[in-house]
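What follows are several structures.
You will see chain A twice below: alongside chain B first, and alongside chain C after that.
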Partner chain A sequence: MATLAASLPTQTRARSPQMWLLRRILTNPPAALGALVILLMLFAAIFAPLIAPYPYDQQNLDYIEKGPSAAHWFGTDGLGRDMFSRIVWGARSAVFVIVMVTAVSLALGVPLGAIAGYFGGWADTIIMRAADILFAFPGMLFVFFIAATIKPGIINWAREIGLSDLARTGYLDYAVVIIALGVIGWAGLARMIRAQVMTIKEREFVIGARATGVPAWRVILRHILPNAITPIIVAMSMGLGDIALSEGYLSFLGIGLQPPAPSWGNIIAENAGRYWRRFPEMIWLVFIPGLVLAAIVFAFNFFGDGLNEALNPEIVD
Partner chain B sequence: MAAFVIRRLLWLPILLFFVSLITFALGVYGPGDPIKVLLGIRANPETIERLRHEYGFDQPFHIQYLRYVANALQGNFGYSLVKYRDQPVGGLIAHALPVTIQLNLVAIFLGLGIGVPLGLLAGLKRDTWIDLLIRGLVIAGISLPIIFLNPVLTFIFSRRHDIVLTAANLRFSIGPLLPMVQGYWDGIFSAKVILPAFIESLGIIAVMTRQMRAGMIEVLSEDYIRTARAKGLRERVVIVRHAMRNALIPIATILGLMMGGLVAGSFLVENWFGVPGVGALAFDALFSRDYYITMALVLLIAVAYVLSNLLVDLTYGLLDPRIRKA
Partner chain C sequence: MSKSESAGGNRWLIGVIVILLVALCGAVCVGGGVLYFLTQPEANPFAQGGPSTGATPGRQAAPTAARPPATGDRAILRLPGGTDPRTLDPAQVNDTNAGEYVAEIFSGLVALDKDLKVVPDIAEKWEVSEDRKTYTFYLRKEVKFHDGRPVTAQDFKYSIERVANPATLSPTAENYLGDIVGVREKLSRKAAEVSGVQVVDDYTLKITIDAPKSYFLAKLTFPTAYVVDKNNVERGGRTWTDKPNGTGAFKLKEYVRGQRIILAKNENYYGEVKPKLEEVQFILSGGSAMTMYENGDLESVYVTISDIERIQDPNSPLNKELYIGPSLSTGFIVFNTRKPPFDDAKVRQAFAYAIDRQRVIDVVYRKMPLVAITILPPGMPGYAEPANPNPYDPAKAKQLLAESKYAGKLPDITWTTIGAGGSAAQNVQVMVSMLQQNLGARISIQQTDDASFFNTIDDPTKNPYQMFDVGWAADYVDPQNFLDILFRSTSTQNWASYANPEVDKLLDQAAVEKDNAARFKSYQQVEQMILTDAPVIPLTHSREYWLTKPYVKGMIYPAMIIPRLKYISIER
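This part shows the complex of A and B:
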């Protein structure tokens, strides 16, 4: 606890907890670097149409497999598409998948975990056993299995309800990736929320709220969850990189985002098998998307570590 | 204690029931009709119908499922429908499993051999640049996607690129590497095992380093370390005999937990390097809609996971009486 006391701002100047947290992140070099990379990715994702010099699927057959140059910063691929544009647009795919998978996991995991932890009994048994069952499946193999299975179903369903135009675009691929990863993601989250809720519900302020007749949903929403949030934010921030990685792997295997949709995973897939024998002259085609994906995972790991150290000082000492 | 064990054992068949049901549903309602894959697009509808009947695919779902379970309980997990046509799934897995287990054992061995010393060093040199460097390297190691490491490491260590390697002053020639071909596997005493095992060991290295570092930091602040130093023991003896031994205990637990994962082959690594293990088999099966193989593998890995967790829980229960009551 010594470092916490030392690092706390002097008592005379009150600071908001947000400012304090920001300070702790910024003064931790790896975490600050992680935050910078994450911000860069967000920036690329939001302003992709403005940043990318070419459309991500524009082919220039007179200019294929060219190395990095002033016109094409990251070179061009086998179809003459500008790699820099594809990678910038790939950031948008990655951010969209990360945000949506997190949203799905939260929407399922938070209510289920809170109900299990707060009410206990049968609800707890059923929810936690369901989570156990999901945990028993072999991680990535199960995600691939689900993605491969639900994909034709989703496309057929879109056709049936009259969205055949949508079925022809790549947008449904995003739905497949998001469902496959979200279905798995909630279980770990529900376990964490449940454990938090179980300890917090025994605290005096919760017992007090219940004694004064506050309804259960209000106790959970207003009294318990705000106090349970910190460890969950830490755990989730470390998991965000894994979501990006999983999207990369799914797209690499051809069951995620399909070309020409830009995804770092399918950029690597298109180029690794085809060009590795022609390394090093073709190496940028694999190296750049690979390093970008690695940098994002790296950034979330560093950022999560920093957040963890800032929010849970007792773990450090 | 008896009640705890019984409750855990009773849960096991229920869990396996649900796991098998979900797996079976994913297989049956999954994409592609295996019969059509088998016969090609221009197959005649009558033949399709006949084969569907022969394989029992025209039966209602619950009948198909019950028959699958009944057969599985007798050790018959069905037959390959596509690539290894009509070979029993059990036999295919029996061939692939030893390969994956061997590869994973090498990976664990590398993970221990690299991770434990790194963690030890990081813990001893806590908060120095050595510690920062080791932690940074470890996070970098787990952050590099396998789909990136596969081609890049293959390229770096491949004999075809001797010129490049000389230029870079890196003369590693560890045998002819021909990824993505059959028959890459030569057993664990061949140099070919190094690259796939190393890529698979990166995650293990990270876990071991973190645990060993945390363990050393914790142990070094214990009273008995101070006592040992006060007795005038040499620092080396204090570190090796007193600190390191105790820091290694949690490593043993982690190794125990990893045993369940031994049977799960890495999809991407085995497929890229052409290692004929469980991961490569699952990869083939998933993409050729050979769903009896996929189902059996998912079940196998789930059972191994559940059993190893049960084992770890039971040993914890023996060691720590508080857990038994929970």
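This part shows the complex of A and C:
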């Protein structure tokens, strides 16, 4: 025991940067709590069919609007469906949207921001004005606009090319939500990347790389982006909660996932629309999905904060 | 480091508190805030003359600010107005929302009374020719527009010519006035004038129709046939309805879009029943209508599904103020008979047997509407009590499906419905689940906004929807208004693209049958044939649920839009 304890400090020093980062986050209670909630959500999303005690759309019209009980932890809704199962399945749509939107905004935002920052000039002007235009729009309105104008087109097009089955399933609606959110998301990301790239490209090691004739794309990929990525990771992890919230809004307004498929947004919509006048009766039907959604948003923010503190230790004092 | 930890600890605690607080707000605000959009009031769940969703369980209230002004001792009636009316031009009205105002501001040759009977209005009497094709109307001599100009037969001629003018783009011209000789010709630009309308003298008007149709007078009660003032229309340009010069019991005093419509008493009204209210204020904004009513800011309010159980409790003080009455409407599930699998009547019949309608009404609609088994609503002449009050029979449904050509290979189906975020689709979800359980049908739900929904179903020949739900409210009290308009193969409102030559033939016969008893009998026969073919499943007959303050006397809640405000008074 004594030898083990004595060897600890050396081991700590020898940890990899990743382990060091993990430790910094886990010793920061809000960040750890955030990480826990996020992990829970991921777990629920991945294992939804195993966790959920009932199918998410199984109705029991003889057992509607019942409060939480041993058989139904979160009670049942107006159609006698198990709220716990619906909320667990809702995690799946939230995670799906978070992953997809992040992928779309990264795919657009990182190259566009890097090009704008590295080359400057007219490329910068065009890309950044496009980003300004996206910023000038109220975000949700823009998403509505895209969903209202593009969605019918996509669905008709899918029908025409023989994908009528796909058009019918409602996954295309989902694709539209994802594209719309991604199209909004890239603008902020591109701005951040651009600012980072502009500072880093003046550093000696970048100038050195360029002086030795390394091509521009390689300079960006190998020398600039790895050094620009830290603040991006922090900002994105904080933004993920907003994406989950946006998905909630969109489903709430009927643009997202179609019922009976559960998303936290349409669970709130379905129940808020019906029970808000009867508050505080049936409070669990609106309160629990609201709590879950709020918890996720906070979890991402806390986690992002913790990440920020861990990656930029100088701001701690 | 220790400094940072204590800061972290505090934040942790604050975080938990904030999470709890925000969850409360989150639920209420994500709900409540955006609900603001969502609950654009379905103040009229059944559009008149045009379709609307029959599936909306109840109505929802309009949000926003400003309390309406207190009325003091003046005879002022304040009513929830819902959304802004789409138009105040009688030629353009095809929904109940606009119809409610237009019926008070304007009037026509004939009107519906409280019992929905056709009675003389501007025409004091009329004669019908031997062949029942020519109507001679004798106009009252004392009728004046709001500005004092006397109404003559020329004004009616002008009004009908205007509606029939294709440039007016009246959505109802053909349906309501198309029986008049020459209206269809003028609409299709084959004639410059409507030959069937003749001015005999200033106070005599002769109208000729194409066949002896018993329901013709009933159609004239609809706003399309109301009289408008030529000077008003031509000088007012596109915005003439901002200052409508009508003949009705009330005049438009003030209209602030999104806020209020104020009607004032017409002191020179010609009718026997004089208006008693000084003013009627329709509040287009302002919180939940129910809350406003309970605060004494409205004299009358419709009841939504969120409030119905509370109000039906006999111990509630509001219970004594509750009125429940019929409305002449039916909500349907419609099958597109051009689209597989609904091109096979057996599949449609199977679906009809597989849905427990009573259950849907009990659970989702909280028993607010009546279950519909027939197409015609109760109260409509020709309505026949259904033999089986709830034809729910899963075994028979399975058997019918097995006999169909889609036995064992029923394709995936999409059910299109108006709604957002699942709030409107609960009824559909229940029925989808019943169909899945009883028939193994795989049905997905597609929600859409009401504008594109109606645009799509208004063109049945191109409608891509497989199945959808929609409601129909009576425009005039005659079974023709349901059976002929919705199920004749050539009708533009034949949503199901239903085509049965026998039904068409019977409809033709019924249209010109002189004896009402025989006529209603043929319509019952038609209804039976349609129900057997099942291009639609009737689901609900709506009922009106209203609360009214006890000091409002003579309040009526007609099953259709009629000029009703003149019957109402306030006695404190």
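Quick note on the criterion: the second predicted complex is superposed on the first by the 300 of 317 C-alpha atoms of A that agree within 3 Å, B and C clash if a C-alpha of one lies under 4 Å from a C-alpha of the other, contacts with A are read in each partner's own complex, and residues count from 1 in each chain.
In this section, a residue touches a chain if its C-beta (ideal position, glycine included) is under 8 Å from a C-beta of that chain, and two chains touch if they have at least 3 such contacts.
Please read these numbers as outputs of a predicted model, since none were measured by experiment.
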Between chain B (first) and chain C (second), which does A:Leu33 come into contact with in this model arrangement: first, second, both, or neither? second
Per the contact definition in the header, classify A:Leu50: touching chain B only (first), chain C only (second), both, or neither. neither
What is the contact status of A:Phe252 with respect to chain B (first) and chain C (second): first, second, both, or neither? both
First (chain B), second (chain C), both or neither touched by A:Glu270: second
When the two structures are overlaid on chain A, which partner does A:Pro260 contact: first (chain B), second (chain C), both, or neither? second
Let me test your reading of the model: by the given contact rule, A:Gln59 touches which partner, first (chain B), second (chain C), both or neither? second
Just to be sure I read the superposition right, which of the two partners does A:Ala211 touch: chain B = first, chain C = second, or both, or neither? neither
Touch check for A:Leu79: first (chain B), second (chain C), both, or neither? second
Check: chain A residues flagged as touching chain B and also chain C 30, 152, 245, 248-249, 252-253, 265, 268-269, 272-273, 276-277, 279, 286-287, 289-291, 293-295, 298, 302
Residue numbers of chain B touching chain A in their complex, please. 11, 14-15, 18-19, 22-23, 26, 29-32, 136, 139-140, 142-148, 150-152, 154-155, 160-161, 164, 179-180, 264, 267-268, 282, 286-287, 294, 297-298, 301-302, 305-306
Parts of chain A lying in touch with chain B, wherever the complex brings them together: 30, 129, 132-133, 135-138, 140-142, 144-146, 148-149, 151-153, 241, 245, 248-249, 252-253, 265, 268-269, 272-273, 276-277, 279-280, 283, 286-287, 289-291, 293-295, 297-298, 301-302, 305
Which positions of chain C touch chain A when the two form their complex? 3-4, 8-9, 11-12, 15, 18-19, 22-24, 26-28, 30-32, 34-35, 37-39, 60, 288, 290, 304-307, 310, 359, 363-364, 412, 414, 419-426, 429-430, 432-433, 444-447, 452, 464
Considering only the defined contacts, which chain A positions touch chain C in the complex? 28-30, 33, 57, 59, 61, 64, 78-79, 152, 159, 165, 168-170, 245, 248-249, 251-255, 258-260, 265-279, 286-287, 289-291, 293-295, 298, 302, 309, 316-317
